[in-house]
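Each of the next two complexes has chain A plus one more chain, namely chain B in the first and chain C in the second.
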Partner chain A sequence: MELDFSFLLEYSGVLWRGLLTTLQFVGLAVVLGLIWGFILSMGRTSKNLFIYWISTLYVEFFRGTPVLVQLFWIFFCLPLFLGVDMSGFTSAVIALSLYSGAITSESFRAALKSIEASQFDACTALGLPNGVRTIFVILPQAVLRAVPNLLSNVVSLFKESALVSAVGMADLMYVGQNIANNVARPIEILSAVAIIYFCIGFPLTRAVSMVEGRLLKVVKA
Partner chain B sequence: MAFVEIDGLIKRYGTLSIFEGFDLNMGSTDRLVLIGPSGCGKSTLLRCMMGLEDIAGGTIRLGDDDYIDGAPNGKMKLNRQVQKEVGMVFQHYTLFPHLSVLGNLCLAPVRSRGIKKSEARDKALGLLERFGLADRANFYPSQLSGGQKQRVAIARALMLDPKLMLFDEVTSALDPELVVEVENTMMELAEAGMPMMIVTHDMHFARNIATQVVFQERGKVIEAAPPKDLFGNPQQDRTRDFLRNVLHIEG
Partner chain C sequence: MNYEFNWFYVKKALPQLMDGLMVTLQLTLWANIIGLVLGFIVAIGMLSKIRMIVWPLTAYIEFFRCTPALIQLVWFFFCVPILFNVWWSAEFMGMLALGLNLAAFNAEAYRAAIQAIPHAHTDASTALGLNVLQRIIYVILPQALILALPVLITNGIGIFQQSALVALISVQDLMYEGRYIATQTFRPIETLTTVALIYFAVSFPVSQAVTLVERRTKRLLAS
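Moving on, here comes the complex of A and B:
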């Protein structure tokens, strides 16, 4: 078998556009997922039983079903339910945000729970009102502790985003498959796609471990 | 009239009873050191004094004011104004790890007492200077030794001008060579006339700093006396037994 990577140059523009699409909807889903996840984590730690159970059910549902099934459902079923037309891009962003919100909320929740009771005692001893305690003492520590986890969620989401090719979104994976079909050179093209994913994913993973080491040193005083 | 008056204190954790009617008085120039076997409620008493524990019965007065009025089922009444006059230092420092030393000292004065930032900062720098920590003002807690952390914690409490300081085993988590610097800081405060309630396992330090040593066991005061008397000539058998055990262990 002869490998020939030279034809890739010809398709670099298409691959580039695929990568940009991937980065765009992953980026949007990360930001929306962060906000949604934070709201969910508040629900998961709420004393209101109704809010607690609704948010818990939601999180467990999205953690307990395959992302691919969620994607298909939102691509094909949600528009029917809502009676609106949604672009593939919109559906992908919604699906991945809903999913990453569930995952992110767990990171926030774990971080909130990991803050020692003694920190709350110290706040009482210093006479800090609840609002000041939450905003200036508890939240900053929770966010710092959640950062390494949140970053690895981003890496996972970036990789899982390749699933949207299954519903016809022209992301990097989809573009790669198309080219592979056209030129009948699946080995070269799929290897190239894998390498592109790796070039983005690897620095992200490294960043996670770097941040983890540094932050934990500060936070675990 | 006593400066601190604890009357009929009742404290339970579920079915576990710590105090069933505990009484203790303290004068305004006193430094009370609480000693006794572990689990006898020394730390719990300090936590009750700080308002960190729900008290099922009894009252605590501080100065001329009613401070805490215990009641079952979480119906305790606590006077927040009086609570502000009490400062506490904990065994495990409990500094805020995401804030610098200066940030730790200034947070409460600025955010809950409405003191101007510049004013709080000047006061903080003054306190750090006094404790020999001026060069650590911009360090983070993770960059400090245990002894330094604990002295920062003391300074943080002093920022709020407490009328009573509580020290809960503040040297227990420290390496032996760091204990002295914290104890010296406390001695300095004592000499400046700060009323204190101290829980410690260091009998030598207790003897030096206390005006009154309180030996308690199973939620009751067994004996309270000036250190010279309590250590030199204990009146109760249980005090003698306890002291024989701990002093023997200490060598």
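Moving on, here comes the complex of A and C:
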């Protein structure tokens, strides 16, 4: 078995486009997931039992089933269910964002829970109204504490995004598999794809632990 | 929203889905066995002061943690047979890839747990005249296992969910059967919803148990 990596250069353009598609999926899912996750975390801390249970069920369901199943469900079933046409791209983004929202809401919730009761008491003692308390006291602390978790969610979304290849989206994974099938050289091309993923995933993971270390110092200080 | 549900085909295909679930559970079980054992061995190796041991292990952990499980699986499926001239079944490849993936994550969990063991325990082992192996098995392992248990179980369910990926390399697990039935019967909504519910029914109780275990271990450690 002779390895020959030189032919990869020919495909560098395609791989690059695949990577861009992957990043596009991740970016959209992260942004939409942040918004959706914040709303969900409000629901999960709500005193209204109905809202609480609905959002809890949602989060547990999306965290308790494989992303692949969610993706297929949204891809095949949602258009049928709603009776509308939906491009593969749209349904893949929806699926990733719904999942992203579920894991993001957990990070927000944990951060909100970690804020001591004394902070609330202090706000009452200072006579701050509810809105001011939420925006100026609770939110900044919650966001600060949620940052490491949110970042590690970005890493897992980046990894999960490879699944969209299963519904025919031309992301890095899909492009790689396609080339591998065409040129019958799976080792070189799949290894290259794995290395590309690693080149992005590794610095991201490192960044997460760095930010975590920094924040721990800030929070403690 | 004028979809007419028809559960007939799913009901008829339920035994097939259950067969798929058995494959999924078997994969999960074996991957967890590999992950728990290999993960601990890797974590112990990471404690070593010899660079030739630490670097390859670090590379292994980081590589499996920083790339998608799907590429690992596909890589194993296509490349291992060519590279090593072996012909193993897709199930076996899937199990191997999932197991190695889990071992990398578990190694990190063990490592964090081992670091939490007070250094006095090492000194005590030396004072008692235990050799390295005895220390690892009787002193480090039990404590690391208890401390890391919540994370280990969480990782274990994670692998249960990730195992759905093997459907893409033609292993006939729950996901594969579900997709097959969905296309055969033209009933994707009923079938895929059932599949999702089956996955949920297995992983939800386990994830709830984690919370319980976490509380218990905290109490155990506090006492």
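One rule holds in what follows: the second predicted complex is superposed on the first by the 220 of 221 C-alpha atoms of A that agree within 3 Å, B and C clash if a C-alpha of one lies under 4 Å from a C-alpha of the other, contacts with A are read in each partner's own complex, and residues count from 1 in each chain.
Definition applied: contacts are C-beta pairs under 8 Å (C-beta built on N, C-alpha and C of every residue); 3 or more make two chains touch, one makes a residue touch a chain.
Because the structure is a prediction, the values reported are computed rather than measured.
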According to the stated criteria, A:Gln177 is in contact with first (chain B), second (chain C), both, or neither; which is it?
second
First (chain B), second (chain C), both or neither touched by A:Phe76:
second
Could you tell me if A:Leu144 is touching chain B, chain C, both of them or neither one (first, second, both, neither)?
first
Give one of first, second, both or neither to describe whether A:Gly88 is in contact with chain B, with chain C, with both, or with none.
neither
Identify the partner contact of A:Glu160: answer first if only chain B is touched, second if only chain C is, both if each is, neither if none is.
second
Looking at A:Gly27, would you say it contacts chain B, chain C, both, or neither? Reply first, second, both or neither.
neither
Looking at A:Ala125 after the superposition, I want to know if it touches chain B, chain C, both of them or none. Which is it: first, second, both, neither?
first
Applying the document's definition of touch, where does A:Val67 land relative to chain B and chain C: first, second, both, or neither?
second
Per-residue touch tally on chain A - higher for chain B or for chain C
C
Contacts of chain A common to chain B and chain C in the A-superposed view none
Quick check on the complex: what are the chain A residues that touch chain B?
116, 118-119, 121-122, 124-129, 132, 136-137, 140-141, 144, 217-221
Chain C to chain A touching residues, read off their complex:
1-3, 62-63, 65-72, 74-75, 78-79, 82-83, 161-165, 167-168, 175, 178-179, 182, 188-189, 192-193, 195-196, 199-200, 203-204, 207
Counting only contacts in the complex, chain B reaches chain A at residues 47, 50-52, 80, 83-84, 86-88, 90, 92-98, 107-108, 111-113, 140-142, 149, 156-157, 160
The chain A residues in contact with chain C across the complex are 1, 60-61, 63-70, 72-73, 76-77, 80-83, 155, 158-163, 165-166, 173, 176-177, 180, 186-187, 190-191, 193-194, 197-198, 201-202, 204-205
